[in-house]
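Each structure below is given as C-alpha cells.
Note that chain A is present in both complexes that follow, paired respectively with chain B and with chain C.
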Partner chain A sequence: MKKKTKQNISMLLFTLPALIVYAVFKLIPAISGIYYSMTDWNGLGKGFDMVGLDNFKEILSDKYYWQSILFTLKYVIVMIIVANLIALLLAATIESRQRAKGLFRTIFFMPNMISMIIGGYMWMFIFTKVLYYMADNWGMTFFDKSWIGDPKYAFIAIIIVASWGSVGYLMIFYMAAFQGVPMNLKEAASLDGANSWQTFRHVVLPLIQNAVTICIFWTLNAGFQVFDVVYALTGGGPGRATQTAAINIYEEAFRGNVRYGYATAKSTVLFVIVMLFTAIQLRLMKRKEQEL
Partner chain B sequence: MKKIFGLMLTACMVLSMTACGSQSASTTAPAETKAQATAGTTAATTATAEPREAELNIMMSFPQYMDQWETYCKQFEDKMLAEENIKVKVNLEMPSSDQYESVLQARLSSGDAPDLYTLHSNNIATYYKAGNLTDLSGEALAGKIYDNVKATVTQDGKLLAVPIESQAWGVLYNKDIFKECGLAVPETLDELKNVCAVLTEKGYTPFMLAYQEQWVPQLMTALTLGGKVSGEIPDWVDRMYKDEGSYAEVKDIFGPIDLIMQNGTDRAMETGSEAGSADFANGKAAMYVQGTWASGTIMTTNPEMNLGVFALPINNNKADTLVNLSTSTTLAVYPESKEMDLALKFANYVLDDKDSSALFEACSFNPLASCHTFTPSSWVADASAYVAAGRSYQDLVLPQAVTDEQGKLLQEYYVKSITQDEFISQMDAVFKEANKQA
Partner chain C sequence: MKQKRMLVQVLIYVLLGAAALFCLFPLLMALMNSFKTNRELLTNVMSFPSTFNFDNFLRTFDKMNYLRSLGNTVFLAAGGVCLIVLFSAMAGWKICRTKTHLSAFLFGLFVFSMLIPFSSIMIPLFRVVLFLHIKNSLVGLVFVYAGLGVSMAIFLYHGFVKSIPIELEESAVIDGCSSMQVFFYIIFPMLKPITAAVCITNALWIWNDFLLPLIVISDNKKYTLLLSTNTLFGQYSNDWTAILSSLILAAIPVIIFYAFLQKQILHGIADGAIKG
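== the complex of A and B ==
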C-alpha cells in the first residue's frame, strides 16, 4: 500500500511539468472557451453579455460554416487515404532496402520538421512561379493550371502540400510497426508458398493494425483542424471555396464583425464533431487489431 | 542507481521550469542596481547623470516602409539621448498588413498593447469607444496638421491619432506606354474602353490583375463605389447603415469592374500584390488598380518607370470620375502606456519640424502638415491635381465586414462562381448583418 502511494507520487512528479503545461495552455483555454461561447464578447471591448445558447442556434443556419465543415470533411477523407497509402508505401519500400535506410528515412521525414506555414509559402512559390515557368519555357503545358484560382486544382494543390508535410511523420509509425513483425512468421508464410503480396496482405498488415489505427487517428484529428497549409496557399479563396472550418472560425474571430463569442461557439461545435468522428474511428478499428 | 537518476531528471525539469519563471525577476535587477548607482552619482555630480533606460514598443502596419521607419526610430533614440538623457530602445514591429488587425486586437485584448500603434482612420471610432486612444489635442503636433486632414482623425473635438498616410489615389498607369500609343487619360467609361482597345491592338495588356490577396480586388469596389456614391447618390452610405439602401442602386460599379477583368493579365489568382507591382513596373501591363502606396515596390523594381495616376471612370458621367482622398494609416498612443511621456514625444516627433519632411518624402506619403516642405513625386502630383480641381471624394467609411466581403466576392466574381445579382444580394445581407452586430 505504502509502496503504491510512493510510486504514484513519483509518477505524478515525473508528469507534473507536462501536466502543468497541458493544463495552462490546453485545458484552461478549452474550458473557458465553452464559457465564452455563450457570450457576445467581441474580443476588443472590456464588457460582454451572456447570450445563452443563441450562438449555437445561429450556427444551425450559418451556410458558410457548414460549407467549410463539408470542405474539411472532404479534405479529411482524401488525406486519410492519400497520406496513409503513400506513407505505407514509403515505409515498405525503405524497410525492404538493405542499405541507406537511414538516409531515405531522414529525407522523407525532413518536410515534417519544417513549419507547415513556411512549407505552404514555399509551395506557393512553386505553384505560382516555378510551374508556370516550366509551362511557359519548357512546353510543359499541363502545369498551366489555375493552381490557386480554380477550386478544383486548389484542392489538389492543398492535398499535395499537406501530404508532403505529413507523410514522413506517418511513415515513421509504419516503419516502427514493420520492424515489430516477427521474421519467423514471414518465413513461415513464404515456406507455405505465399508470394510477397500475400505475405503483406495476410501476415504483415494484420500485425501492424495498431499502427494503422494510430496513423488514421492522427490524420483524422489533424485534418479536422487544418489551417496553416490552406491559409498559406489559398487563404481559403477564391472567395470561400477552399475555406476549412478552422479558417472560417479564424475569420469570424479576427475579421469582419470580430465576433469572438460566436467564433468560440463554432469551435466548440467543431470540437464535438471531431470527438464523435475519432471515437467512432477508434471503436471500429480497435476491434480489428490483433494481439500476438 | 535508478532512483538517483530519476531524482536528477526531475530536478532538471523543475529547474528548467523555474528558470523560465525567474527570468522576469532577473531582468528588473539591473535596472534597480542602475537606479542605486545613479542615486550614488547624483549626490556627487548632477551634470553627468547616467541616462535613464526605457523601452518603447511600436507596432506599425506597413512593412513596405520598414527601412524608412527603422531609420526614423534610430534618429528618435539619438535625439532622446541627446536632449532628454534617456536611453530609449524602440522595438518596432511590422506584421504584414493582411494580419495586422488580428495581431493588434489580440495584443490589446491580452493586455500586451504596444505603446504606439497604427490603425486605419476608419477604425478610430471603434477604438475610441473601446478606450484604446489618447487625446492628442493638447500636443504640439495638433497645430501643424492641415485642417481637412485633421477632420478625418478628430471625434468629439478630440484629436485621436496622428495622420500618417493621407493620400489621393486612383488607377496607376505607365505614362511611357500611354505616350507611345498616343493615349490621353480617360475621363469616361467609353474613353476607358477605347484605351483598352488601343492598347490591346498595340500588343499591350491593359490591366494588371493581382487578386491573390483579397484586399487588392477590393480596391476596385473602393474606387467605383466612392466615385458613384459621391458623384450621384451621396446619401447611399447613410441609408445602408439604416438598412434602407441596396447595392442594386450602385450596379454601375460593374461597368469598370467587368472591363478591367476582361482586359487583364492572366493568372490573377496566382499573383500577389507585390508580384503584381513588380510585373506592372516591368511593363507587363499598362494600368494597375492599386494605390500610390505601391509606388515603393514599383520604383525599386524599375527606377526608370514613368508612373502616373488617373481617376477611374465609373460610367459616362464625368462627375463620378474622382480620385480617392483618404487618411488611411494613423498613429495612436495607447492610454495605459507605461512610457506615456516618451510615447507622446514620439507622436510629436513624427511631425517634427526638422526631420519629418525627409521621412514623408522617403515613404512618398503626401504632405499633410505645415512641417512638410518637400516637392512630391510625379504620381503624387498627378493625384493632387485632381484634388486641387475639386475632383476627389473622402473615403467611404464602411464596416470592416463589408469591406472584407467585397474582396471575397470579387475573387468569386472573377473566377465566375457568382453572378452580379448574387454579389448584390450577398452584399446587402452582409451589410445588414454588420449593422446588427454594431
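== the complex of A and C ==
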C-alpha cells in the first residue's frame, strides 16, 4: 500500500468520530436546509411537496420578515459601535492601572458568565420596577419611561442589556492585544511629545488592528443571531417592533404557524445576508490593515 | 500640575467604580429583593430586606425542580465538553500531522461552517433530531452539541499542534508506539493549555445555551436550568420575589464556578481569542 493512502486511512480513523457528529448535526442540516426551503413542509401533515421558489417569492412581500431583518441590522450596527467603544475604553483604562486591574477585570467580565436569559429577566426587573421607583422617590424623572412598552425605549433597553452582557468579553480580547504592544514604543512616542490620545491613536491602535477586526467580526456574527436578550426582555414586542430575525424564524417554525418549510427559506435568506455582511466587513478591515 | 494629575486619577477610579456598580447592579438588586415578601418589595425596591428569610428560595427551589434541572445542565455541559475535547483533539492532531490533499480538504470542511449562524440550521437540525428519535433525549443533545462544537475546537487544536515539535512523536513511533498510544500518552498531555481553553469556552456556551434546548426538550423532567427558569417566569408573571429568587438560584452555579476558576476562565477566553 502506498504511504499516502496508509496515512490517509490512519487520519480518517482519528477523524471519524468528529466527522460523524459534525456531518449529522451540522453539514446535513446546512445542506438539507436548501432543499426544505423549497417545500411546504409543516408540523401538521406527515409528508410535504416541492413548491419550487414559492417560499422565496412569499418572503419578498413578507413585511414582518424584512422589518425583523432591518431591526437586526440596526442592532448589529449599534452594537458594533457601542460595545466595542466601551470595551476598548475599559480595556485601555484598566490596563494602565497597576492596582485594582485584576479586580475590575473580574467584575467587568462577570455578566458574561451569566446567560442572557437570566440577565435579561434581572434587567426586566430594573426596567419595570427599580427605575420607576427611582423616578418617583429620588426625583430621577428621566427614568420615567415605558422602557419595555415603547419601541424606541425598548431598543435602548435591549442595547443596554446586550452591551452589559458582551462588553466584558470584548474587553478581554482588547486587553490581550494591549499586552502585545511593546512598552518602549509608547515611551518613545511620549518622549517625542505625543499626548496620550495621540499615542493611542497613532501607536497603539495600528498595533491592535487585528484584535479590532476579530472583535467587530465577533459582534457582527453574534449580533445577527441575537435571540436570548430580546426574548427575555421584550419577547419581540411591543407588537413585533423589536422582533429580530432569529425570533421571527423561531416563531414561524415553533409557535403557531409551524411552517417549517417557509421558516427554513427565511433562515436561508438570513444566511445569505450574514455572509454578505461578513465578506464586506472582512474586505474593509483587510484594506484598512494594509493601509496602516 | 501634580494636583491636576491626582484629580484625574481619582476621577478615573470614580468612573471605573461606577462602571463596576453598573455591572453588578442587576445581580445586587435581584439578590436584595429576593429575600423580601411581595408586600415589602412593592413598598420599596431599594431598601435592604428587613429579615433574611429564605421562603422565596424554598418555594422556587421546588417549583424549578432545582436539583434535577441543575443535574441535567451539568450532564449536558460535561458530556458535551468531553466529546468535543476527545473528538477534536484526535482529529485536530492527526489532520495537522498528515500532509495530503485529503487532510487539507477535511480541515477546510470543518472550518468553513464556523460562519453558518445557528438560526439558519435550527429547523433542518430539528428535523434530523426528529428523524433520529432523540427529541427529549439529553444523551442525544450531548451529541448535537458535539456536532456543533467540533469545528471551532478542531481549528484551535490544529493551530496548537503546529507549534509543538514533531520529533517527540517520531521517536515514540520508532520505539514501537501505535498511533493511539502516541496520542494518549504523548500528545494529549502536551495539549493541556489549549484543552483548558476549549473546555472553558464550550462549557460556558453549553451551560448558557437556551435556544437549542428550547427546541429539542419539551419534557419538563429533562429541563435545563434556563428552561425551568423560563417556565417559572411565565407562570409567575407578577410575583417578582419568586422570579428573582429563581434567577439567583439559576445564576449561583456559574458564579461559584467563576469565583473558583476565574484565572483559568479569563486565560482560556483570551487564548481562544488569540488563536481564533
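Observations, loosely collected:
The rule we apply is simple: the second predicted complex is superposed on the first by the 262 of 292 C-alpha atoms of A that agree within 3 Å, B and C clash if a C-alpha of one lies under 4 Å from a C-alpha of the other, contacts with A are read in each partner's own complex, and residues count from 1 in each chain.
Keep this in mind: a contact is a pair of C-beta atoms (placed from the backbone, for glycine too) under 8 Å apart; a residue touches a chain by one contact, two chains touch by 3 or more.
Since this is a predicted model, take the numbers as computed values, not measurements.
In the overlay built on the shared chain, the residue A:Gly239 is in contact with chain B alone; chain C does not reach it. In the superposed model, A:Asn257 makes contact with chain B only, not with chain C. Of the two partner chains, chain C is the only one that A:Arg105 touches; chain B does not reach it. By the touch criterion defined above, A:Met11 lies against chain C but remains apart from chain B after alignment on the C-alpha atoms of chain A.
Once the two complexes are overlaid on the shared chain, A:Met275 sits against chain C while remaining clear of chain B. By the document's definition of touching, of the two partners only chain C reaches A:Ala30; chain B does not. Touched residues of chain A were counted for both chain B and chain C, and C has more of them.
Comparing the two interfaces of chain A, the one with chain B and the one with chain C have residues 10, 14, 17, 254 in common. Taken in their complex, chain A has these residues touching chain C: 4, 7-8, 10-12, 14-15, 17-19, 21-30, 32-33, 36, 90, 93-94, 97, 100, 104-119, 121-123, 125-126, 129-130, 133-134, 137, 164, 168-169, 172-173, 175-176, 214, 221, 224-225, 227-228, 231, 245-246, 249-250, 253-254, 260, 263-264, 267-268, 270-271, 274-275, 278.
On the chain C side of its complex with chain A, the touching residues are 12-13, 15-16, 19-20, 22-27, 29-30, 33, 41, 44-46, 83, 86-88, 90-91, 93-95, 98, 100, 102-103, 106, 109-110, 113, 115-128, 132, 143-144, 146-148, 150-151, 154, 179, 183, 204, 207-208, 210-211, 215, 226, 229-230, 233, 240, 243-244, 247, 250-251, 254-255, 257-258, 262, 265-266, 269-270, 273-274, 276.
Within the complex formed with chain B, the chain A residues making contact are 10, 13-14, 16-17, 20, 43-46, 127-128, 132, 146-151, 235, 237-241, 251, 254-259.
Considering their complex, residues 6, 9-10, 13-14, 17, 101-102, 105-106, 108-109, 126, 129-132, 211-214, 267-272, 275, 399-401, 404-405, 408-409, 411-412, 414-415, 417-418, 433-434, 437 of chain B touch chain A.
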